[in-house]
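Dropping the structures in below, format is structure tokens.
Each of the next two complexes has chain A plus one more chain, namely chain B in the first and chain C in the second.
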Partner chain A sequence: MANVELRNLTKVWDQVTAVDGINLEIRDGEFLAVLGPSGCGKSTTLFMLAGVYLPSGGDILFDGARVNDVEARSRNVGIVFQSYALYPNMNVLQNIMFPLRFQETRDAAAQAREMAELVQVGELLERRPSQLSGGQQQRVALARALVKQPNLLLLDEPLSNLDATLRLTMRAEIRRITRELAVTTILVTHDQLEATTMADRVVCMNVGRIEQTGTAEDLYLRPDTLFVAGFIGSPPINLIRLQASQRAVLDVPDTAETVGIRPELLHSAETGLPVTVTTVEPMGRETLVTADSDLGPLRFLEATSRPKWSAGDKLHVSFRSQDTIVFDGAGQRMSDLHAAIG
Partner chain B sequence: MAVAKTQADWELLARRSRRDRRIKQGLLIAFLTLVTIPVVVPFFWIFVISISARTGGVESEVLWRACAILVPTVFAYGAAHTVFRRARQRIYAAVILVLLAVVGLAFSVGDDLHLYNYRFMVNPNLVEELRGAATAGGQFPWVWVAFVNSLFVAATSMALKVTVATLAGYYLSRFAFRGRSQFLQGLLILEVFHPWMLTIPIFLVIFWIGLLNTLAGPILVLTAIDLPFFIFIMKGFFDAVPWDIEMSAMTDGASRRQAFRMVVLPQVRGGIIAIAVLGFIKGWEEYVFVTALRTGNSYWVMSTYLYYVAEDVMGVDYGVVAAVSVIYIIPSLLLYLFCQKFLTQLTLGGVKG
Partner chain C sequence: MRSSTFRTGTNMLVFLGPASFFLVCLLLAPIFVDLVVAFTDMAQTIRINEFTTKQFSKLVRASEDAWLGFELRSSFYRALSLSAVYIFFTLAIFNLTFGLILALTTTALPDWLGGVYRAIWLLPRMSPSVVYALMWIWVVDPTERGLLNQVIGVLGFSPINMKLDAPIVLIVTANGFIGASIGMLILTSSIRSIPEHLFFAARADGAGSLSIVRHIVLPALRWPLSYITVFQFLALLVSFEYIFLIMGPARSTMTMAMLAYTKTLAPDIGAGQYAYGAAITLILIVIGVFVALVLYRLANMTRLLMSPRIEVQ
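Let's look at the complex of A and B:
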């Protein structure tokens, strides 16, 4: 269990910069999620932490000591891969025991069994990976990563090969196991739900840079940048580019370029912005309505499973001024500034 | 009425498709049997000659008599296989037919069979017995000397080929380095030239480095000839092993070498066995380079032994030639039989490469 720090970490492939000087500190025992679209450099960061890739620049520190040059085998890091990477030529017990073969362990088999019990595959020890279901393979991979009591547990999109229900259970399961063992964990994912539900803290990355670090709530309600605002949230946030016609309707500071408002914070009202409904999409618990307005197309959620509106209806929508998020020309949030219907 | 009619139609259709399937299967078996004949008959003939020919002459009468028993047996088994559905019935039929064939063979050709042509296996000096000590004594070896030499050539070149091809294939599959694609293209271009075209330069090279008239010469040449293709095959097999597995082993605490040995290598076992078998057989059956790279009788291997039995030393005794051939074939035949499974995987791995 370790405290991990990244200082100005960079990785360059030929001409492409995959990771561009990121700074990050992960506290001992913390569960951190790294969230970003594919190609944002999150997996590269993970493999640098594991020691499989050598950083092109910057430092990786475990408990304050620089480990850049420490080989993968000596870093005591456990990884669970998206494909699980179980060794097909070994059975479950041998797979879990594999990391212990490189350590001086007296009761390797007992430890492996104990770990197998913890992840609930105690019945399957004699099976081959090919005879296991996806969820079982996932558990075995987790046990193998944890059996050597790693300094750091890395999870590389561990749930993306599972079906939806299994994903739900495994999410809770992984959280339970990492809490029980109090292991520092980094989860890499492009699924925001996975990141926000499992992690203590979420790092949002884009094109090799960290856009924002914070709790799930921070990222959702107070996105630092336009990218984070747009990436997080489903259905996505309404982003209104401010041109002369929009400025005529809205009361915003002159330096602002874009205004964002979450769909669930817009609601129909007696007075406010006049809109015309274009589509109505029932989503089960709530209904997503898309409507045209002077600000451009707007999405808003009605908390009902029976749609009140249909296409062509004219109504008014309004929002609270403090719920709006205002971004400047560089895409940075302008804190303490808001927009209102003018 | 309409219902009854449709039912009748279904039955008819079912019967028709069953019949069609039978006919198709029958035709397929007949066709496969026919095309197998030219492959099997020469081997069988050689075997028959080796156990029946008397000194000097060759006659095919024994062959025809044996065929008269065996061909009906094969057809009878084919018929039994189609008629009987259960595995147990088929086994009984096979056992009975084999027993019948053995009895039939004993009566028809049993008196003509003998093992005298195999005397070269126990008699170290075949030539002296035939021509007297003066002719070729001391030059022509006992068959086991040639056998062991052949084994040595085949096994050593196999070990070299497998080691180099595996390591090179792994490196080519996993590492990016300047000139990698050119190197791969180069490997393929080498396949264009038939190695026999290079016999004279190879002879000179082997002569200059002083390996002429030693087994090391053909061993190295054979290794070099097979390597390009084998490297390509192994690269294909390594390409099919996912990166994740290797990274996982390294984070689990293995060094790169340990990850290679304990995790990656077991995944390409099929490829290794396949090139080992191919490499061994190439060395075992080699004739051109073992002949070209010696200037006297400095070493003997099975292929040169067979050649001299047939052509040079004692005129032609086809019985002995056939017997030597049978002994010569057995090791490769056994290897093929036991490793067939891995050789068929080879195409798969090759395609991926």
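Let's look at the complex of A and C:
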């Protein structure tokens, strides 16, 4: 297990900067999620940590020791790929034992069997990867990554190939196993639900830079930037660009440029902002309503499976001032400032 | 219903017709003609006077001591042995091993450099056969003008005459350098189709370059290597072009294919024995079919042809 530190880490591909000077510290035993859209540099960061890519600049430190020039095979890092990358010519046991070939291990087979039991594939040891389901392959990949007791476990979108039900199970399984082994873990994902449910801390990246680091609650309720506010949350936050007409309705500071309000924090009321319902989308436990208003189109969630409104209905919506998030012209959150209906 | 059947029939004719025509006219018909001619007395002209097995008796003779009741005549035995040696070494050293080494090294190089290197290796295949053969004739020229002798002369050795002293080495090498490029191309493409993540995973698991070749690359190349073995075996079995251009009708390199050619079509060196050549060719066909079936079975090629074997998951 290790403390991991990234100092001004940069990766440039020809003319394109994939990772742009990021700084980050991951504590021993911590489960950190790196979240961001495709192409934001999260996988590149992961592969630099694994030693697959060489950094163009900056430092990677494991327990204070610089490992930039240490080969992948000498870093003692376990990695689970999106495709699982199981060796097709080997059976499950051979796959799990593979990393132990390159270590001085007394009883590799016993260790591999023990790890297989931990991830619950003990019955499948003789099977080839092509004979396994997605979930089973994922467990084998996890066992292979963990069998050598790595300093650092890297998970590259490990759940994205699983169906929704299995994903739910595997989220809990991975969390259980990493807690049990107390291994420092970095999960790379574009799925905010994965990141927020599994990780102790979430790093949100965009265009090669870290936008915000914090708990899932920090990122959801107190996004530092417009990007984080827009990226986190489903259905997405209402972002109201403040033109003269919006300023006439809202009471906001002059320096504010955008106001954000989460759909579940808007609700229908006797008084407030008049709106006209345009679409109603039942989402099972909740109903998503989209309505036109003087602030522009607004989405709000109602905690009911039976929609109360239909297209064309006129009603009022309201929100608490402290639930609004205000951003300046540079897209940065203006702390302690809020908006209210004027 | 009738319209549907008619349409199926016309579709078959349109799509399979040209291939079937090609198959029958250019592959099956010649085998049939060869089969018939091998059992005749055709010589010098295409007239047939009688049907006979005497062409085969030129290749074998009855022997009570022999296990099968006959033994091979020396010229035929020699041609068979030379073919076996020529095919085995060309296939093993060049088409497979050297092709694999070229594929491994060129895929390890940066893309542009690997591409240039592979293109250079393809040059002999792109050159006319005569040019390639002339180059080899110059290389192994027994006088001091020969490239090989110039090189070994610089190293302090006496000139050698490869055509006389090591004719099999010469034809294996000359054919091998051309044959390796096919193996190189197929194996390069196969190596490139191995998912990149497998290499990353192996590196992270602690594997070095040689371990990656052994545990990741070679198992993935099983099917392409099987294909190259079968395909190149058949190609080598019937190839005589470079042997003839470099060595001429020399007894030292008279393989089965060369023997068939010299006995039938090669001008001024005893050609015109059509039935005899056809008998030799018929034996070549039987050997080719038999060995191809054995290799097909050993390499489990049925699985290769059923579904893509390069894909991993």
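The rule we apply is simple: the second predicted complex is superposed on the first by the 342 of 342 C-alpha atoms of A that agree within 3 Å, B and C clash if a C-alpha of one lies under 4 Å from a C-alpha of the other, contacts with A are read in each partner's own complex, and residues count from 1 in each chain.
We adopt the following convention: a residue touches a chain if its C-beta (ideal position, glycine included) is under 8 Å from a C-beta of that chain, and two chains touch if they have at least 3 such contacts.
None of these values were measured; they are calculated from a predicted model.
When both complexes are superposed on chain A, chain B and chain C end up clashing with one another. By the touch criterion stated above, A:130 is placed in contact with chain C alone, chain B being left untouched. By the touch criterion defined above, A:223 reaches neither chain B nor chain C. Contacts of A:55 after superposition on the shared chain: neither chain B nor chain C is touched. Within the superposed three-chain model, A:233 lies out of touch with both chain B and chain C [touch as defined at top].
The superposed model built on chain A shows that, among 43-51, 79-87, 97-105 or 133-141, the segment of chain B colliding with chain C is 43-51. Common to the chain B-facing and chain C-facing surfaces of chain A are residues 47, 50-52, 71-75, 77-79, 81-85, 87-89, 98-99, 101-103, 144, 148.
The touching residues of chain C, counted against chain A in their complex, run 195, 197-198, 200-208, 211, 215-216, 219-220, 222, 312-313. Chain B makes touch with chain A in their complex at residues 242, 244-245, 247-255, 258, 262-263, 266-267. Those residues of chain A that touch chain C in the shared complex are 47, 50-52, 71-75, 77-79, 81-90, 98-99, 101-103, 129-130, 137, 144-145, 148. Those residues of chain A that touch chain B in the complex are listed here as 47, 50-52, 71-79, 81-85, 87-89, 98-99, 101-103, 144, 148, 154.
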